[in-house]
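Next, two complexes with chain A in common: one pairs it with chain B, the other with chain C.
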Partner chain A sequence: MHNSSRPPSPPPPGSPGAPVIHVEGLAKEYRVFDKPEGLLASVTGLFRRTSRTVEALRGVSLTVGRGEFVAMLGPNGAGKTTFLKLLSGIITPTRGRATVLGHVPWERSDDFRRRFALVMGQRNQLWWDLPAAESFRLHKEIYRIDTPRFERTRDELVELLGVGTLLLRPVRDLSLGERMKLELVAALLHEPEVLFLDEPTIGLDVVAQHALHRFLSHVQAERGMTVILTTHYMKDVAALCKRLVVVTQGSILYDGSLDQIVDRFTSHKIVTLDLDAAPDAAAVARWGFPAEIRGPQVVLRIDRARISEALPRILASAGVRDVSVEDVPLEEIVAELFRSGSGAPPPRPAIAAAGAGGGP
Partner chain B sequence: MNRYLRIFGTFARACLVRDMTFRANFVLECVTSLGWMAMNLAFYLLVFTFTPEIGRGTGWTREPFFAFVATGLIVNSIVQALFMPSAEELTEMVRTGGLDAVLVQPLDAQFLLSLHRVDFSSFANGLVGVGLLAWAIPRLPQAPGPGALLLYPLLVACGVAILYALVIMLAAATILLGRNQSLYDFWFYLTNFSRYPAEIYSGPWGGPLRALCTFVIPILLVVNVPARVVAQPFTGQAWGMVAGAVVAAVASLALSRLVFQAALSRYRSASS
Partner chain C sequence: MSASADDRPAPGFLARRLQGLRVWWTMLVISLEERLVYRGDFILGTAMRFLPIVTQVFLWTAVFGATRSGDIAGYSRDDIVAYYLLTMVSRAFSSMPGLAGGIARGIRDGSVKKYLVQPVDYVGYLLAARIAHKLVYYAVAVIPFAAVFFVCRGFFPPLPDAATMLAFGLSLVLSFLLGFFMEATLGMLGFWFLEVSSIVFAYMLVQYLLSGHMFPLDMLAGIPTGVPGVSVAEVVRFLPFEYTAYFPAAVWLGKVRGAELVRSLVVEAAWVVVMMAACRLAWRRGTARYSAFGG
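For the complex of A and B:
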């Protein structure tokens, strides 16, 4: 039916760490019609509409192994949700191929759909006017879960999240955090092998976020589930994932470990000095690094290659009481990535130098 | 099949629970639709004070006509109760992206989207229809034979199938258009034609209209065929109509399936 639906030679299933999700050059374009302002233009628009093509995803390739917990990070409109919708088979791609658990998602086979789950933080999948217990019962029928297994899984999940008292309350009477927990229970009842989480922590308070983090990492580890999580929040990533995929404007900008992103995209460290008294700006400037003076505290951005040379010199200055050397915060790196996200990685001049212990 | 029945049972149960949560609303809905129907019946009674028959020589005198009206009530109430709320909600689901959740479930999407809402208050009219039919049958000029009575439920089912196919195709248009607020209006215009005996469509305008509503959009078969079988003498011509209704029902269902699948594969999904 679809030209693009031939599976790209699926890997042997079942083997630990074998690719569960395999994506090659996946692209999705939408044709959108411009709605001009004003009455006359609207009437003209009835007869002749101007359309343009929006590329939500531009040829993404990715392989995810069994049991991996991957975070997908990107600004609004980066294509994260589109990516998950394609992998869930909700929409069909314009180009490219994908298999999830050996199936082409947009063929929507029941065998495939029984083995994964999708949770969208901004959508409600439980019956609004009814207690969640009713939605769970429906789930049991739809996913053909036999009664003992259903009860065991439900009780286990409910206990882990501490939502036993909420099961019989109409969903519309619950708070967002409570509802999200029950959404997760519903999604996990059929023990999916693959779980797609689309911004599950959006709008949640810190306590609820923590609860979800603990729950997700526990269940994921216990079941060996393969999870892709999209989010705006670095906290989610740091708490849950080892692997990070940064997406902007429909392309992958970075795909690798959480630790490496720091090495790869920053050339400096943050050095914070606590001084006896507020320093003289001219003296700080003489150190030769971008600096910010906050009362008796100075924050310097020092090239990694020059740290060993610069630190002793700076510490030798009078009145330094304390010093800390830190990596650039992840948020800052990612924000920088988002801003620069034109598809090309940002310049990274000093990395080779840092690795080699000296500059060219 | 068994599983689908159980799932439908779960939907129906959930809707009943919800209806009972908002009891006053439920009662009000029943009363409104019964009131509207009572007004219609009173109007027809009024018409029969001016004329003994609708159209000369058509056989639609008072009791047969009320059997016709009863059939219309039964068919329409089944469609209104079982399919209409789901079809209307589909419009909303496409607009808000709620359809996404349906598409990821290992279940036939057309089944789920056609039947996940049941409006129990709409059955009220159908019950009145059954009562009206029970009143009319012993008073008919010629009582229906056992064959006609056996065929009747089958033909009602055909009528429901034809209307269902129409509703679901209109709803599928929602998926393509992104929004289809006029669904209910369009539905009302179409079914309006099915409410009256086919004989009233005659003459230079009526003839073509009757042909259109019989062969192209077969809504004239929906109420007319079962009503005629039960309320009028069963002739050789009636067999042709019975066959026509069955063929039209099967063809409509098949077409609706094709249209629905095509629409689903073009689903764009609302941005979140």
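For the complex of A and C:
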């Protein structure tokens, strides 16, 4: 049953990739047991336990083409990690279908497992008490990497991340950032075609985050690897991905390009005025836009359609020294999305083919 | 650079076996390196193992003093001392400190996930790690063991013949495998129960009693089970436990010979196969459950 369907070879650069990951109506429910407080409840709990079903993922559909770098953004408990666990075959779904590289992940065929990698936080694949070089050697055997290819890939990755001096030190003596880098090297040694990254930058300082971003975008572009990354940092998304999937409460709220999310979910721009002196609140109110006065600075939210009409009028007022017109920051849009939950209109269908250039 | 995994032809059966063996060998070597990190711990642990035997010798000296008879169930006082020392050798092969607990902990804290994601056989990995663990242990323990056996050489009967020594060696290797697969299976109960330490504790108690670790199992010969003509010893003989302590010692001391010896070795090997299958089954069922409920 295995090895019969070969994946299509990578498409020429620039063309939209053939689907590598295909997910349809994927749902995962967990049964959790509630334990009420108190000793008496604990005793009765021995005989009768109350359980309820938690829907970690409620029917998610998604198609990812070869060579795409997709960010999954969502608050804690949105179902991002559950999604990656399903695609890695660690868990089986309650409903729905998925194929990754033509395989059903939770069948866990060796053929499939040799072609992807999952990085979930630190202390994952590396042997705690041994230098990373030893773990790499084990990976070489597990993934059947021949020696020249192994050495070439290892040296290349190690150089890119600048971790050459860390290879011979026991992993337990390394810092969080150093460990994360070596985890990534371990995960990429067998040149996986698909890489799942679960919150790779969590707990890292800004410098380490930057280094990781540079490394990931370089390797991804070089290899044409398909990557899904979960995060709750907008910085990761902005640095790495063109395609953004926003997940809350187990459902996809938005799936599309990074730029379009601004158009889609905001109708206004942020206009910041620097004035000579703190303005009169009544004068600001006369402009007719929601405003916030911070000393000599005024921040206005102006409907996009009205910008060209409103701006000259406002600038004509005395004492404007400087002005800037900006989109609503992504963080704000996403935070708003998180809060609104499933209340927002489902924008999915129109943009579902993102990567193939879909969308209005 | 990508998709290179597909450029190679699928390897044949023998080639796959050989590759499997290479993976396994690398795991063994790396486990060895890892164990050597903790060699100090080992030296202390080995020394501590000899303490209980001193109390056992005092206890049996008192017992023999009280009965005033030369032997109990075919054991003289010297035989008893030799027996206890030999069960220590059996136990050095069959006991698996931390194996079940370690597996269960991996299930609880999620580190077992790694073996679901990587194309690697978890049971094979555990076995490699345990062999490495044992090899390092023997390398350290051989010195105190040799010293104690030298000091106590007067308690032993003359050295057995080559065939008996061979059977002794075989019984030890099988007892290692039996102990390994029994404890690994216990550890995998962690897929069903949050905590296996009480199960392991109960197992240890039964094991202590029925393996011959506590007293030579010949002493159960006179105890009836209620079924006419069947003593407790007859039942215990068909359980796996005695092979982890009593049996190798009895082989060395010449208590089990000829056809009886062959039959016992076959029963021991059969138990190894049964427990190996149980361990695989527990892993398969356990991971299926893990995938469905938790992960």
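In this section, the second predicted complex is superposed on the first by the 325 of 360 C-alpha atoms of A that agree within 3 Å, B and C clash if a C-alpha of one lies under 4 Å from a C-alpha of the other, contacts with A are read in each partner's own complex, and residues count from 1 in each chain.
Keep this in mind: a contact is a pair of C-beta atoms (placed from the backbone, for glycine too) under 8 Å apart; a residue touches a chain by one contact, two chains touch by 3 or more.
For clarity, every value in this text was computed on a predicted model and none was experimentally measured.
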{"item": "Clash or fit (per the criteria above) of chain B with chain C on chain A", "value": "clash"}
{"item": "Which superposed partner A:Met225 touches (first chain B, second chain C, both, neither)", "value": "second"}
{"item": "Of chain B and chain C, the chain that contacts the larger number of chain A residues", "value": "C"}
{"item": "First, second, both or neither for A:Met120, with chain B first and chain C second", "value": "both"}
{"item": "Contacts of A:Ile307 with chain B and chain C, given as first, second, both or neither", "value": "neither"}
{"item": "Partner chain in contact with A:Asp198 - chain B first, chain C second, else both or neither", "value": "first"}
{"item": "Chain B versus chain C as contact partner of A:Ile91, first or second or both or neither", "value": "both"}
{"item": "First (chain B), second (chain C), both or neither touched by A:Val328", "value": "neither"}
{"item": "Partner chain in contact with A:Leu138 - chain B first, chain C second, else both or neither", "value": "both"}
{"item": "Chain A positions touched by chain B in one structure and by chain C in the second", "value": "30, 85, 88-92, 108, 110, 113-114, 117-118, 120, 123, 125, 127, 129-130, 134, 137-138, 141-144, 170"}
{"item": "Chain A-touching residues of chain B, taken from the complex the two chains share", "value": "3, 6-7, 10-11, 13-14, 17-18, 21, 96-98, 100-101, 103-107, 109, 265, 267-269, 271-272"}
{"item": "Complex contacts: residues of chain A adjacent to chain C", "value": "3, 6-7, 9-10, 30-31, 82, 85, 88-92, 106, 108, 110, 113-115, 117-118, 120, 123-125, 127, 129-130, 134-135, 137-138, 140-144, 149, 170, 190-191, 193, 222-225"}
{"item": "Chain B contact footprint on chain A (complex, rising order)", "value": "1, 30, 81, 85, 88-92, 108, 110-111, 113-114, 116-118, 120, 122-123, 125, 127, 129-130, 134, 137-138, 141-144, 170, 198-199"}
{"item": "In the complex with chain A, residue positions of chain C that touch it", "value": "1-6, 10, 19, 22-23, 26-27, 30, 33-34, 37-38, 111, 113-114, 116-120, 288, 290-295"}
